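What follows is subunit A paired twice: with subunit B in the first complex and subunit C in the second.
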Partner chain A sequence: MEIKATMAGSVWKIAVAQGESVGEGQDVVILESMKMEIPIPADSPGTVKELKVAEGDFVNEGDVIAVIE
Partner chain B sequence: MSYLEEFQDRVSKISQGGQAKYHQKNEEKGKLFVRERLRRLFDESMNIEDAFFANCMDESLPSDGVVTGIGKINGQSVCVMANDSTVKAGSWGKRTVEKILRIQETAEKLEIPMIYLVDSAGARITDQVEMFPGRRGAGRIFHNQIKLSGRVPQICLLFGPSAAGGAYIPAFCDIVIMVEGNASMYLGSPRMAEKVIGEKVSLEEMGGAMMHCSVSGVGDVLVKTEQEAIAYTQKYLDYFPKNFREKPTVKDKKGVKQIEKNLADLIPTNQNVPFNMYDLIDQLIDEGSFCEIKKKFAPELITGLARMDGRAVGIIANQPRMKGGVLFPDSADKSAKFVQLCDAFNIPLLFLVDVPGFMIGTKVERAGIIRHGAKMLATMSEATVPKISVIVRKAYGAGLYAMAGPGFEPDCCLALPTAQIAVMGPEAAVNAVYANKIQELPEADRAAFIKEKQEEYKENIDIYRLASEMVIDGVVKPEQLRDELIQRYSLYDSKSVTFTERKHGVYPV
Partner chain C sequence: MIEKILIANRGEIASRIIRTCKRLNIRTVSVYSEADVNSPHVDMADESYLIGPPRVNESYLNVEKIITVAKEVKADAIHPGYGFLSESGTFAEQCEQAGILFIGPNSKVIRQMGSKIAARTAMEQAGVPIVPGTKEAVNSIEEAKNIAREIGYPIMLKASAGGGGIGMQVVHSENELQTAFEHNSKRALTFFGDGSMFIERKIENARHIEIQILADHFGNAVHLFERECSIQRRNQKVIEEAPSPFISEHTRNLMGETAVKAVKAIEYTNAGTIEFLVDEEENFYFLEMNTRIQVEHPVTEEITGLDIVEQQIQVANGETLSIYQQDLSMNGHALEARIYAEDPNTFFPSPGHITNFEYPEGPYIRNEVAVKNSYDVTPFYDPMIGKLIVYGRTREEAIKRLKEALMNYRIDGIKTNLPMLKVIADHEQFKRGNTATNFVDKYYLTEVENTK
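Let's turn to the complex of A and B:
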């Protein structure tokens, strides 16, 4: 399952590591946009297969941030 | 056959609807028979039914595929039309349309709510000349709906398809409740889309309940079963008067939901850190009274009906947990429709403000965020019901305006001690004003300079300074907010204002 950016912004913090397991609603990445922290949670539990962004990257709305299996 | 026998034979056949195979098909999809839907919707059974014998000379079209009449919900009489999808897939013939028109006109005369239970394949092509183009054709259904809008509540329960022109029935209702898996809305079916424009798409993807309730916003409430849709309707209607002339009834008071946390601890003082606005709403309203509308659509703004000390109130609240609580074109539309709904039926408004502003950037400008935002401002500005804004934390830029800021005649604008009102936040402001200066400074000195200027800025927009200037009408402790609001809504109850004299505004759309 792909975790996508809900809005345009920069990646402020990556809250999980590759291979780590995450629970439903757990924050995967925190974006910074409009001077606000924008948590991007996992929709369902799984394991982080791939992180597609690094801290400081700009992402557009709909960009894939991580892949959860 | 005697007269009585013929009568009983006809009644019994018509009451059963269409052929058994269609009943079975519906049952497999979890769809109830139209008369069973109505039995569950009303307090008892339907009190009166009109044109039960419509088209009875044709035995294959019992009641011409639609049931119309009046029944009671929560003790209140309501008019209803309900498609029977066991009869020619609920399609509309000449008499079907006439029945719908007549029950709408009854709702208009009696000034009572109009409820649409929709499950229809659309026009009966064989009847098109009689049912489509004329003065009493299907177009008139929408004309009637538009006329009824704001006079009486109009609710659509979407149990099946609502295709082509039929899709406008939900569009003109105050609220559309969709059953996941069965309900759909579309102008052209996937089959037609493939033929005409070459697009290959599934029905769910193009016009399913989930899509409409989360993406297009044409649907308002997504439910799993028909029973759930009926229960939601009963709950929702309880917040409304029967028409625009009356006020909602005040119900028994209830306390708030008890939680272990201190209310003040729920709200972080760092303006940039998210929190869950639902937790604050829970602490302001009567327990279990929240009836949310458009939960899945534009979740950065929460809209819903609730009770405070038994009194109905419509809540519009920024949700910092989603997209930072920033306003987008969709959130602006969501607010505009909800505020109109509450204002039309004399439901007071409560704005809970924690907003960094409207979204910026190419994407939203191209989407017309300015005209969408203008809708949000216009409807809020025009609302003449008791209107209170509470600045929970930040209220930056046009976000303050859109959320019933002081310039838009709220009956009062209150602030929590955590409130911060400004054109923009300290970080953005210092950056905007001192960008060149910061560049000129040696890098080692920059952080200290920025911090100093931010502190200066914060002092300038201090909430007590704004209270001193009477920009806001009061600063309230979070723990006292509920009581303060209850007092104020009770005192503002006699408010009676006409916004302005004119035919109507030229609305931004």
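Let's turn to the complex of A and C:
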């Protein structure tokens, strides 16, 4: 399952590591947009298969941030 | 003599400063980032210079670059606007060293007021009432718990170097304090490079009322009465007005005199604002001092007839204040609504492409806008894209005009808070002047919830 950015912004914090298991609703990354922190949570539980971004990266709305299995 | 000003800012405030400069026959220089190539402030200035990539630390916070441009274009002065470098002691100092006038107070007083703890101490010494709380930075959670017990819950936890509501939280219990302290201290360290916190008693049903002041380099200072800015979301202002619908003439005078006394005590110069919390018995407590022009300064201009940017330039130019306190009076009522690019219910930002932008025009309406038709609102900067200011002979008339003006505002393509502003302008409690800082939670969000 792909976790996508809900809005354009820069990646402020990556809250999980590759291989880590995450619960539903757990924050995967925190974006910063318009001086506000926007947490991006996992929709369902799983394991972080791949992180597509690094801290400081700029993302557009709809960009894939992470893949959860 | 100031003949050329570089505006180290963007958005509506840059345009607003340029307007006054044009009226005073002062040449203007805009700076802009790669994200702002199409911004209105770039076209308005006599000269404009690209200063870097979109990110603020590479452009609008890039002290070296901005000063280099100012020197190259031979600007006499820099107007910092609000936000960005406006309250940076380092920037003011660098301007001073480069022989460029910084339109604002000196670096020493900026630093003093920029530290919440130093500011509290200075204000207390000047005889300004302060909210009971810590005088020193609280560095450990154990210390925080002891102090909170002494003051009594609920308490207000604040980052010493904070601003814009970041690093600030109401805490109701010791359990809550543990996580709140760690979280906010960490955030403050990330955002401001300083994780020190301080603790204040939470004033219940507080209103946010601030006094605009002007001071010159010769020890003269006046106040331009108050603005009430109690309607807030996420600790940031949404609707402001002057005068306050709440305080008595006696409190108004007392607050004004206290503010003037304070700015004289700290040897403040230029325009500034002292923010107070006011409780239900009209006791007022120092909150913080903003050493720059405020977003909401137009409401004061509308009721006093003064141009605050013009006053700032005159003071920076070394002129004495041309107005005496006894010459100043308030006329009518002004309201300002901030237009934010955000979801009106969750307050989450909504950057994107504006496909259609129309604002209301007419007598008693003033627009300060940062965007235009077919314009990209980028995620790099503050979500405020405009301000709508209305004037009325009475508060009732001003509210009526605000409602009408909001009906004629149209922004398509992105989400904005226009629906929220309409609900508030039409709200019975707002009309009655029941405008404590919990207004949005208490009246607006409950209404949103009920209509779902």
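Throughout what follows, the second predicted complex is superposed on the first by the 69 of 69 C-alpha atoms of A that agree within 3 Å, B and C clash if a C-alpha of one lies under 4 Å from a C-alpha of the other, contacts with A are read in each partner's own complex, and residues count from 1 in each chain.
Going forward, contacts are C-beta pairs under 8 Å (C-beta built on N, C-alpha and C of every residue); 3 or more make two chains touch, one makes a residue touch a chain.
As the structure is a prediction and not an experimental result, all values here were calculated from the model.
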{"item": "Which of subunit B and subunit C A:39 touches, first, second, both or neither", "value": "first"}
{"item": "Subunit B versus subunit C as contact partner of A:7, first or second or both or neither", "value": "both"}
{"item": "Touching both subunit C and subunit B, counted on subunit A across the two superposed complexes", "value": "7-8, 33-36, 38, 61"}
{"item": "Residues on subunit A engaged by subunit C in the complex (per definition of touch)", "value": "7-10, 33-36, 38, 61"}
{"item": "For the subunit A and subunit B complex, residues of the former touching the latter", "value": "6-8, 33-39, 60-61"}
{"item": "Complex contact set, residues of subunit C against subunit A", "value": "55, 164, 234, 341-342, 348-352, 378-383"}
{"item": "Subunit A-touching residues of subunit B, taken from the complex the two chains share", "value": "272-274, 320-326, 328, 356-357, 359-361, 363, 425, 427-428"}
